[in-house]
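What follows is a single structure, written as C-alpha cells, with notes after it.
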Amino acid sequence: MSDHPVKISIQQEQFDIQAETEFLVKKSPNAGALVSFSGICRADDTLSALELEHYPGMAESQIQKIVDEALAKWPIQGALVIHRVGKIAVGETIVLVAVTSAHRHAAFDGANFIMDFLKSRAPFWKKEYLAEGGEGSWVDAKESDEDALSRWDQNADRTNS
Amino acid sequence: MSDHPVKISIQQEQFDIQAETEFLVKKSPNAGALVSFSGICRADDTLSALELEHYPGMAESQIQKIVDEALAKWPIQGALVIHRVGKIAVGETIVLVAVTSAHRHAAFDGANFIMDFLKSRAPFWKKEYLAEGGEGSWVDAKESDEDALSRWDQNADRTNS
Amino acid sequence: MTKLLYFSWVRERIGLASEERDIPAEITSVEQFLNWLSQQGDQYENALTDAASLRVALDQTHVTADAPLNGAREIAIFPPMTGG
Amino acid sequence: MTKLLYFSWVRERIGLASEERDIPAEITSVEQFLNWLSQQGDQYENALTDAASLRVALDQTHVTADAPLNGAREIAIFPPMTGG
C-alpha cells in the first residue's frame, strides 16, 4: 500500500487540524473529499482531565493494521491517525482520524471504520482526573463500542485477530 | 433550535479548519465528537480552477433548512457550513461541513447527511476553467448525488420541498 | 412586476442575471410560465428548450413544473444544482 | 525468560509495568498462564481475579484465552481497550 500517503503518530503534543490535514490533501492530489474525526475530552461536572496510557509498539502496529483494512475496503487515497497520550485537559483533542478519497462516501465510511476499530482494538486506556483534585477511575470500555464493530461485517473478525 | 450553535457562511475567502472547528467545539462543551468534511477542488489534467456561482438568499436559507433537518434527526450539538463562491483553484477547499455531538456516529451521520443535501439541494453551480486557458463547461449534476438522497428516507422528501 | 433570476448556463444563454417582467394573468403554473418565457426571444428559447434540465424556485423555494405560480414575487430558473 | 507487560488497572494492581519471568514448561495456553500468574502473590491474584475483564496479547497480537502461548517472547495483560 506504499502508494497511499499514510501517517500514524502517537504523541503527547497538541496539533493543528488545518496543518495536518493540509499535508494529507497535498499528498492526495486526486482527492476531492477529506473527512476528519476529532475525539475531544468533553466537559463533565466532575472531570478535569484524562490521562491516556498506551502499549508502545502494539499501538502503532494495530493502527497500521486498521488503516490497511480501510485501504483494502474502500477507494481511499490517504489516511492520517494522530492519537495523543499523557494528560489531556477538558476541551483538548485526544485523537484525529482523517481520510482522503475521490468519493465522499468512501471518505466518510473509511474514517468511521477506523474510529470504530480504534475505540476497541487499539491498546489505549483512559484514566479520569477529578475536578475536585485527585485521580478518578479508569474509563470502562463501552458495550456499544464493541457492538459498533459488527456493523463492518467480516472485517470485524479480521481486525480482531 | 436556538440552543444549538450553528454557523453558516457563504464567502469568497479561504478559511482555517482548525480555527473554524475550534470555535464550534468551544460552543459545544458537551461534544466528544467532531466530524468535518472538506470538499476540495481536485487536480485534473485539464482543470485549473472552478468558479462557484450561487443564489444569494436562497443558498443561506436552503443550508439552514438542511442543518435544521440534521438537528431534528440526530442528537447533534452544533453545525458549521462554510461554502466558498467565486474562483477556486485546484487544491483549495470549496466547502466545509462540521458537526459536533456527544456521539460519534451521530456526528458522522449528520455531516454525511448535510453534505448529501448540499450537493443537490443548495443553489450553487460550478463552472470549469481550463489549464490551457479559457472557460470550460458547467459541471453537470451527477445522478449518483441525487440517488444519495434516498439513503435518508423520508427526510429526502421533506428537504426537497 | 415579477423579479426573474437566472443562474449558470441559463443566465449565460439568456444574457441576463435578472430582470423584472409583467407575467400575463392567464399564466398560472410554472410549466405555463416556462413556455411563455421561452417565446420572449431567441435567447429565451435557446435557454429554456430543454425543460427537463431546468429547475425553478418560487420565492426561493424549489417547486415542480406543475406548481401554481401563486403570485410569487421572485422566480428563479437554473440547471440542477452542483454544490459542495 | 518472557517479558510480561501490564497496563491500566492491571499495572496498578500488580504494582509493576513490566517484568521478566520464567514460565514453567507445562504452561502452554493463555488460560493456564493467567491461572499460574495469579498464584504468584496477592497483588497478582487481586489483578487477575476477574479473567473475563482481561485481554491478552502475545507478541503484540490479541489472542483469546484458549490460544497456545507458542513460545511468545512478550505477553501483555490489560483490560478492554478504550482508545479514541
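Points to keep in mind about this one:
Per-chain numbering from 1; labels A, B, C and D assigned in written order.
Methods note: a residue touches a chain if its C-beta (ideal position, glycine included) is under 8 Å from a C-beta of that chain, and two chains touch if they have at least 3 such contacts.
All of these numbers come straight from a predicted model, not from anything done at the bench.
The chains that touch chain A as well as chain D do not exist here; no chain meets both.
Distance between chain C and chain D, defined via averaged C-alpha coordinates, is recorded as 73 Å.
Centre to centre, using the average C-alpha position, chain A and chain C are separated by 48 Å.
Chain B and chain C have Cα centroids separated by 26 Å. Multi-chain contact residues, meaning those touching two or more other chains, occur in chain B at positions 39, 115.
Within chain C, contacts with two or more other chains are made by residues 84. Every pair of chains in contact is given here: A-B, A-D, B-C.
Listed in rising order, the residues of chain B touching chain A in the complex are 16-19, 21, 25-26, 29-43, 91, 102, 104-105, 107-108, 111-112, 115, 148.
Interface of chain A with chain D (complex): residues 39, 53, 55, 57-58, 61-62, 83, 94-95, 115, 118-127, 138-141, 146, 160-161. Residues 5, 7-9, 11, 57, 60-62, 76, 78-84 of chain D touch chain A in their complex.
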